[in-house]
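First chain written, first letter: the chains are A, B and C, and each begins at residue 1.
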Amino acid sequence: MTGRETILDVRGLRVRFRTLDGTVEAVKGIDIHVGAGETVAVVGESGSGKSQTMMAAMRLLASNGEASGTVDYRGRNLLELGKSDLNKVRGSKISMIFQEPMTSLDPLYTIGNQLIEPIRRHRGLGAAEARKEALKLLRLVRIPDPERRMKSYPYEMSGGQRQRVMIAMALANDPDILIADEPTTALDVTIQGEILTLLAELQQKLGMAIVFITHDLGIVRRFADRVYVMRSGEVVEEGETEALFSAPQHDYTKMLLAAEPTGSKDPPPPNAPVLLEGRNVEVTFRIGGGFLAGEPMLLRAVDRISVRLKRRQTIGIVGESGSGKSTLGRALLRLLPSDGVIRFDDKDISHADRQAMRPLRRELQLVFQDPFGSLSPRMTVGQVVTEGLLVHEPELSGRQRDQRAVEALREVGIDPNARNRYPHEFSGGQRQRIAIARAMILKPKVVVLDEPTSALDRSVQKQIVDLLRQLQAEHDLSYLFISHDLSVVRAMADYIIVMRQGKIVEEGPTEAIFDHPQDTYTQTLMAAAIDSTRFRASA
Amino acid sequence: MLLYVFRRLLTAIPTLFVIVTLAFFLIRVAPGGPFNQERGLSPEIKANLEAQFGLNDPLWVQYLHYLKNLAHGDFGPSYNLPDFTVGELFAKGLPISVQLGASALVLALLLGSLLGTVAALNQNKAGDYSVIALATAGSTIPTFVIAPIIQLVFGLTWRLLPIGGWGDGAFVNKIGPVLTLALPQIAIVARLMRGSMIESLHSHHIRTARALGLSDWSVVVKHALRGAVLPIVSFTGPAAAALLTGSIIVETIFAIPGVGRYFVDAALNRDYTLVMGTVVVIAIFTIVFNLIVDIMYAVVDPRVRYD
Amino acid sequence: MTEVAAAAPAAIVGRSLWGDAWARLKANRAAMVSLCYLILMAIVCIAGPWFVPHNYTTIYSDYVRTPPSFSAYPKAEMVQGALDDVLKRMRVDLKDWKLEDSRAVVTVTATRPIDERYLRYIDRSDTFDDAKVEAKSNDGLEMTFSAAVRQQYFFFGTDNVGRDLLSRTLMAGRISLSIGLLAGVVAVVIGVLYGSTAGFIGGKVDEVMMRIVDVLYSLPFIFFVIMLVVFFGRNFVLMFLAVGAVLWLDMARIVRGQALSIRRQEYVQAAEALGVGARGILSRHVIPNLLGPVVIYMTLLVPQVIILESFLSFLGLGVQEPMTSWGVLISTGAKNIGTANWLLLFPAFFLVSTLFALNFVGDGLRDALDPKDR
């Protein structure tokens, strides 16, 4: 990979943001270089400064940010280029695609209009010629029916299609460098794979260099030639992908590579009692309608699903967004009205009302995905954790509750001295621990975990997974683990249910599902997530 | 589109009907009547007048009668200005009020949007702060303070403008009232525009446009501005209805013979027909402008669709 | 306390969102200055009228439309005028007068013997006081008397009937501020109760309740206010009730929206999953999180109410003479701008500066309580 002409050379780049709490340095003097036609990955967890590095290079920093150092593109420092010279490079020689496909296109103009604009601007083509070019681009990124799509508005397209349009726009003027900032993070796994394959193909066809910013080491390994590992604004390690993955030098890189949740869970003994059972559970949402508004539309989010959760078992419920997996979890806890039969501990609770459910609530707990939204911002951590005790053990004195809070926090690895602090003073991982403590303080039997690790960095995910497994072993818990992240599910669950559009497409013991998926949908899902072959067809 | 407009106008009829009904019975339930306001009318004359205007009929008969006349476009006679029908009063006053209101609205939309955009593009710089200061002043100082101060400064001290009066619509006579009417609206539009423009400039698709190397003009005018005017569009509906139907304060202070004053006087004098006329006119303006706003909205934003 | 410490390790006290907000507010200089200004204004308006030497209803007929001045009235040329007025009433002619210290020594003549009791007219005038006969000719046709010249201060001048504008402005401030506060509270109470009920119950009830708000919205605002005035009459107490009753609509919408969004928050779902009942959710989750927007809206509401009250008073529908409010004063001022512009300028300054201060405090509170805007 050596001997390539270096076309982008970042030296001593610093990025600072002026905030109300003083100046924050997001990037602390880093060097990165990109050769022609090369694929370079910049990897890091949230807050590592990986995105801000490229934003600074493209002069797209927010107005309170400023960059120093040099970013040389073929000998010209982009940081000092005049506005009009800069705009001859951006979108023409260097272009960029972003993480948010849903909002990165202007909602008020047609796809065609938005595609044609940069073509005309950079190549000075007439309207008709530019239109032809735009159509060619849509075909290139394999948008079906491009003629019709030219007249579509972004809101009429799916996330994956929008990201394809973004790629088409970025490639419109044959750029030297394409910067891709987490281009697949917001997409479902199966779509992720398609987009990455497309990018790899286009790179082969067009020969541009790609700078790939991501937190996902799996993608890096399958995609990049060379890797920069960033941590709190600094590059801690760089190297050829294979070398770096096989022999990481820096502790942080090692930690990142080891952060993939590992291990597996043994199934419960076959004679273990069934704790929570759902038979033909069905949840239907009404959309629209109501007072004077006509007939509502009915949406069947969960379609006749049966689940049997045994003592000490973990069932992983897997599916993409909109598959109904979270809805199923809530319905089983009777937090949503549903049809069908739900039994807990051999009692039929299908028709239990709020009052009747209340004593059962302490045994049936729920942990949410978003550790920021699930803790009330106006309560101290101690109050959050002990709220359930107010309901289920009202006889406790304030001091006893405080004592219980201390124990519960200690159990999840939070310093109990911090119990009078407020949630906003904790990090995402710590907050998720607090949310777990809130569920565990009641000593439940069944806990529904609704994507409890999705909002967290990989290294933190692993800690939470370890914590959950440890708690399960200590307290004989049963988990319903809802996730779209197959590697986490593999480490957590002994039984897996794959859901799609409200239905079960496949279920079985974890090993069987991972090793021999039967259903084609499960197969694509597995392929997208677990496959470790490189994306480029010929490499 | 035409079908949509037609349907919207059709659905407006029940709304109008509810408003008319509510207003009719509200004003009738209020104590007092048009002819017992310390006029020293003898009981016989009063009784005669009431009989003449049908005020002795049962209320529902009067109501049906009023609805029937209204459907024919007849607002009835004014009780307190007996030489005129309500229709004639509006024919005389409304053009004046509409002229002032429309000028103020256009001024507010143009100047307010411009100031708001300038402020947003210079966020947290001197230009931004001066627009914010102006907007704060404009929305804080009440009209009934601005109007006499304009009279005092421009009319009395510098003698640049007439103190008041309509002057048959002479341009100088309109400056004071239009300025007074427009100033608070300029402030509101500028604030709205600044906020939505800042939001728009921070949106992801603007970042995309910049990353594609589009010119500043295209980024700001084509992509940011179009999205940013949506709040202004929604604001325009109610604002237009309120401005065009006359302002009590401005018309009183500048002695303008518009329709703004009618409402208060009529309600206080229980001039039933004039009150009802005002309510109907305001309601029609409101309905029409809300419709225009919805159509404008669809023009700007393709996501809004009619089915 | 030591027992607690023994039972559980001493805990670090965290900073609540309210603590954060207060710290941010304190850092906002415009808001803090405005807050001090408002407090000062409130104190001056409440306590001021007791310290101003004039009552806000006292009419000084000698001092109609007297311009504001820091030096004492009467000025020398005004003494002459006042003297002429009062002597005309006594039906005597002025022979000679001079000022000695602060007393006027006046010699008058008449065609008939002068009755000493006529000196009452002197005392009755606003300019003189403590009239005493100094000398009297034998025939009683000529008399010399002395009278103290009453030193009066009119810092803000007087109005068109001769009332002290300073005391009137302060009195008006009392009324305007208290109406603002009371009507604001009325609007907030109605709005919060209505909005949170609709938002919390949700479903059909919510739809019907909000449809009612929509209908009230569609009525012309002025019509609504005037109908209230028509029904309640021009009664001061009912006035602010009416004003509050009109302005609750926005509050209801805001609170409902907030209540709905808080109900959808995951921490409320989490509480439901814990088995917390409706009361616990309302008191521990919904209300504490509603408080921020309510406080912000309240600071926006108070100036709105003050403007509305002034507006109604300006139209003659609000506070009635001799009671006064800033709106009443400005209305008088607007009618007299040609001859006495201070009648407009002083009350207008008080009103506008108060509105500005409220505005800055409101903005500061919003920034402090809702740091997302940063």
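In this text, a residue touches a chain if its C-beta (ideal position, glycine included) is under 8 Å from a C-beta of that chain, and two chains touch if they have at least 3 such contacts.
Labels paired with UniProt names: A = ABC transporter ATP-binding protein; B = ABC transporter permease subunit; C = Oligopeptide transport system permease protein OppC.
Source: prediction; values computed, not measured.
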(message) Which two chains have the greatest number of C-beta pairs in contact?
(response) A-C
(message) Going by C-alpha centres, which chain would you call the most central?
(response) B
(request) Could you put a whole-Å number on the gap between the CA centroids of subunit B and subunit C? (result) 29
(message) Based only on mean CA positions, could you tell me how far subunit A sits from subunit B in angstrom?
(response) 50
(message) Taking the mean of the C-alpha atoms as each chain's centre, how many Å separate subunit A from subunit C?
(response) 56
(request) State the interface residues of subunit A toward subunit C in the complex, per the touch definition above. (result) 20, 290-291, 333, 335, 354, 357-362, 364-366, 368, 370, 373-382, 387-388, 390-392, 399, 402-403, 406, 416-422, 424-425, 435, 438, 442
(request) Sort out for me which residues of subunit A touch subunit B in the complex. (result) 58, 60, 62-63, 83, 86-92, 95-96, 98, 100, 103-110, 117-118, 121-122, 153, 155, 166, 169-170
(request) Would you tell me which residues of subunit C are touching subunit A in their complex? (result) 4, 7-18, 204, 207-208, 211, 265-267, 269-277, 280, 284-285, 288-289, 374
(request) Show which residues of subunit C lie in contact with subunit B when the two form their complex. (result) 215, 218-220, 222-223, 226-227, 230-231, 303, 307, 310-311, 314-315, 317, 327, 330-331, 333-334, 337-338, 341, 344, 348, 351-352, 355-356, 359
(request) Spell out the residues on subunit B that touch subunit A in their complex, using ranges where they run on. (result) 123-124, 202-205, 207-216, 218, 222-223, 226-227, 300-303
